[in-house]
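Notes follow the structure.
Chain IDs A, B, C and D follow the sequence of writing; residue 1 opens each chain.
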Amino acid sequence: MEVTRIERIRKKLHEIIYEADTPFGKLFDVILLLLIIVSIISVMLESVASIRFLYGTELAIIEWIITGFFTLEYIGRIIAVKRPLKYIFSFYGIIDLLATLPAYIDLLFPGWHFLVSLRAVRLLRVFRILKLAHFVGASNQLVVALKKSRLKIAVFLFSVIVLCIILGTIMYMIEGPEHGFTSIPMSIYWTIVTLTTVGFGDITPATPFGQFVSMIIMILGYGIIAVPTGLVTAEFMSKDRKVHENTQVCPNCSADHHRDDAKFCYHCGHTL
Amino acid sequence: MEVTRIERIRKKLHEIIYEADTPFGKLFDVILLLLIIVSIISVMLESVASIRFLYGTELAIIEWIITGFFTLEYIGRIIAVKRPLKYIFSFYGIIDLLATLPAYIDLLFPGWHFLVSLRAVRLLRVFRILKLAHFVGASNQLVVALKKSRLKIAVFLFSVIVLCIILGTIMYMIEGPEHGFTSIPMSIYWTIVTLTTVGFGDITPATPFGQFVSMIIMILGYGIIAVPTGLVTAEFMSKDRKVHENTQVCPNCSADHHRDDAKFCYHCGHTL
Amino acid sequence: MEVTRIERIRKKLHEIIYEADTPFGKLFDVILLLLIIVSIISVMLESVASIRFLYGTELAIIEWIITGFFTLEYIGRIIAVKRPLKYIFSFYGIIDLLATLPAYIDLLFPGWHFLVSLRAVRLLRVFRILKLAHFVGASNQLVVALKKSRLKIAVFLFSVIVLCIILGTIMYMIEGPEHGFTSIPMSIYWTIVTLTTVGFGDITPATPFGQFVSMIIMILGYGIIAVPTGLVTAEFMSKDRKVHENTQVCPNCSADHHRDDAKFCYHCGHTL
Amino acid sequence: MEVTRIERIRKKLHEIIYEADTPFGKLFDVILLLLIIVSIISVMLESVASIRFLYGTELAIIEWIITGFFTLEYIGRIIAVKRPLKYIFSFYGIIDLLATLPAYIDLLFPGWHFLVSLRAVRLLRVFRILKLAHFVGASNQLVVALKKSRLKIAVFLFSVIVLCIILGTIMYMIEGPEHGFTSIPMSIYWTIVTLTTVGFGDITPATPFGQFVSMIIMILGYGIIAVPTGLVTAEFMSKDRKVHENTQVCPNCSADHHRDDAKFCYHCGHTL
């Protein structure tokens, strides 16, 4: 019957596009990864004036080949998936669309050429393929540790921003527009540049008092970098420490997280 | 009676201004937070010459509305509180006053316009409202960890400052005024810029020997950043550990380091 | 017999060159270390135009003496070792060859003078001598800790690079070639300069929106430095802990985490 | 008798100068601390051209008063101490002499005025007085932690320096004198500036390949800062962990560092 044949094609397509265990699925992922990398490099090269001048046509051809493949892949994904709308409006669905659209927009509205840089969004597609790679475990550990300390990190960030606004305003009052601190937002920009120890040097304090306050800001920044580091390290460690607790579960009350050397349940006193 | 009516108004006012559990109290806090943010943004925008030129009048109107609200709020707080003097001379009382005063001073003494930047002090009011938010717990943990290691941090800071003064003097002797190291304080400023890895580049060593000493200063700075980080991390960790264990000692076998939620000794099974 | 005499010389040579316990072996290592240091300093000095002009001949003589010694040493190593081919194609074999070749190439092809800087490769020979030093233990600990967390570090580095490419493209779209962000690769270079808190200041954002995004990049960079630090610290700690405890389990009560030097179970007093 | 009177004066002097428990000793320390601070500030101010021009005489008078006091104190210390020679050639003895000498040299040899900056050495005297302060405990902890990890820090520093020499030579070959990398030492200076994330911006890579290598150097520097931090943190923590060991000593074999929950000596099996 017709329906089962279509169904069979759809199933095959799903296997190739969404799965990574079959030879075709693996090949598809490798080709996709290569195309994404080629595409990103071509976007970068095109932005270099001299290369665009010399190899503009070649880059345009590569671009159209990649856009073609990505378009076919996008259509394939919509066909292969059971609930197409859910895919279209998912995070990766939008990324996949944004990976193809800029080329078509450029064709239709040549004036919107600046949108072409949006193609860099293709880089995010790399994460989809890497999802299949085995190092996601390590990545997950990082994400979990960061998530656990996100409240403390938020408090820290908020305090740093308030500090920068106040110090920026003080520096604006001290140095003033004549030394490059043209406005409070500019002064806050300078304070962040200084506190984070970036130190561009596009604006620098010129008055002795401004330099004195700068010294305090720099030493502050040098010191408070310890806070996020301490937070994240403590989080990594506490995860690590759970190693010292065993995975035993009390036969009586099912409490877990027992000490390695525990002989009795800390919760109900039952022998472990 | 008159007195009870006033008392009732005062109580209602206290509920709105100082409490955050009632609907009116919550609404008041949200409005206050918004007004503070609007006020801070308007202070920032006013400092940008082009915006001040175009929207000066609008910003002045916003400013007067906010100042009016803050003034009413300040009066309200004095009325609502039982001991007004204690409030007036408290930290937040002074902040609240400073949040309104600059506008009036600007009206009375137009020459003192520079004081207008003091309005940035309003930002500190944010902390009062956040006091009510639930993330104060996380903030307290940070503050406790920093407080515990404050003596060590003080020793570290003092050593860094002494180091910077000595290295700054050495650099002044090596490079001298002809290479931008115009005086010892300037040279100390440069040393702090370098040691904290900020590196503005407004002053840079020009003699080979000066560059050699700079290299030592930079590697020093790169290395000793480990000290505050190590201190704070160790503090976070030790606190972290203590949170999970209590100070109880088993009445039967004297085992300690019990879990916070332990009801029985992990060692002998005795009731804690 | 001839053969045994050659064999005896080879053995003696092996003792001097490859061993560090005998007086001759020690002397050889010290001389080699000194020559390497002298050679590196002479390469550095030769690159300074004024010194090359004044002491060019002296440096060339020193260079030829060192090249002569290194050549003899290289021949000696080939003779002394049992499997010369294995040595020649080993890491240190290639380094040893590269330490002598540039001088001869310079003699034969004077036009390839730029290759002379390759002599700096001699510095890597220092590691061979230090292999014998006692602080390799500490070095090994470092290497082991870094190796263990290499997967997490790779994930972190990959994420940072993806982040830099995306942020770099955004900054290119915001600032554009007129403010120094001449191309996407240039913009990525700037993003890395900013995110790592280096902050050269050769390119700086000029538009308010560009400065706003820069602030976010800087605070991001200031924050995520905590991640590698946390990873490495956690690795050092977990290794550190394991060094002090062994994996022995008490044959009587099965308690573990015994001290390395424990001879009796801390829990039941049974002999381990 | 004459001798006992002198002896009494000497004892009194010793009490005042060297001790901090008596009221006079405390007063002496406070005066000394103040004079050192005044002296350091006056040295700094004198180096500022405009201040030297205006208040040169006043600063000279202050300088002579302080030098006079320090001279008297130096003589007093020699008299009060039992073994004057040991004091004279001790670290603080030399510092005390260097604190007075520059003024006299300036009087005798006006041409050697540059030596006047040596007066900054007085700052080191602060440490002597602080020796008495109670925060030395915290300072000792820092010093002990740093000392314990000094071998690993040395290995780390050596590796960083070798890395900088090699990367500096590579950058010299890539960029060359025409882009500011005038010599290998200059190029190494730039590499250290970049690797330690200082980033002055006095020299910046101009070729695309140079910028590519710079990116690698920056990310390297951003990553390996984790190593010293991890080392010092691990050291702080391991000290901290000793808290988990108790101070009990085995009654049988005197072994210490027992686990908190140990009931038997890990060394001889004796009941604790």
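Keep in mind that, in the parts below, a contact is a pair of C-beta atoms (placed from the backbone, for glycine too) under 8 Å apart; a residue touches a chain by one contact, two chains touch by 3 or more.
Just so you know, these numbers come straight off a predicted model, no measurement behind them.
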### Message
Out of B-D, B-C or A-D, find the interface that copies A-B, where copy means more than half of the contact pairs are identical.
### Response
B-D
### Message
Using the stated contact rule, I'd like to know whether B-C or A-C comes out ahead in C-beta pair count.
### Response
A-C
### Query
Taking each chain's centre as the mean of its Cα atoms, which chain lies farthest from subunit D?
A
### Task
Return the distance between the CA-based centres of subunit C and subunit D, expressed in whole Å.
29
### Message
Can you work out the whole-Å distance between the CA centroids of subunit A and subunit D?
### Response
42
### Query
Just how far, in Å, is the C-alpha centre of subunit C from the one of subunit B?
42
### Task
For subunit A and subunit C, let me know how many angstrom lie between their CA-based centres, rounded off.
30
### Task
Give the residues of subunit C that touch two or more other chains, as numbers and ranges in rising order.
185-186, 188, 197-201, 221, 225, 229, 231, 233, 237, 267
## Note on the structure
Per the touch rule above, subunit B residues touching subunit C in the complex are 197-201, 229, 233
## Note on the structure
As the complex stands, subunit B meets subunit D at residues 151-152, 154-156, 159, 162, 165-166, 169, 172-173, 177, 182-185, 187-188, 194, 197-201, 204, 208, 211-212, 214-215, 218-219, 221-223, 225-227, 229-231, 233-234, 237-238, 255-257, 267
## Note on the structure
Residue positions on subunit B within touch of subunit A in the complex are 40, 43-44, 47-49, 114, 117, 120-121, 123-124, 126-127, 135, 138-139, 141-142, 145-146, 153, 157, 160-161, 185-186, 188-189, 192-193, 195-202, 221, 225, 228-229, 231-233, 235-237, 240-241, 258-259, 261-271
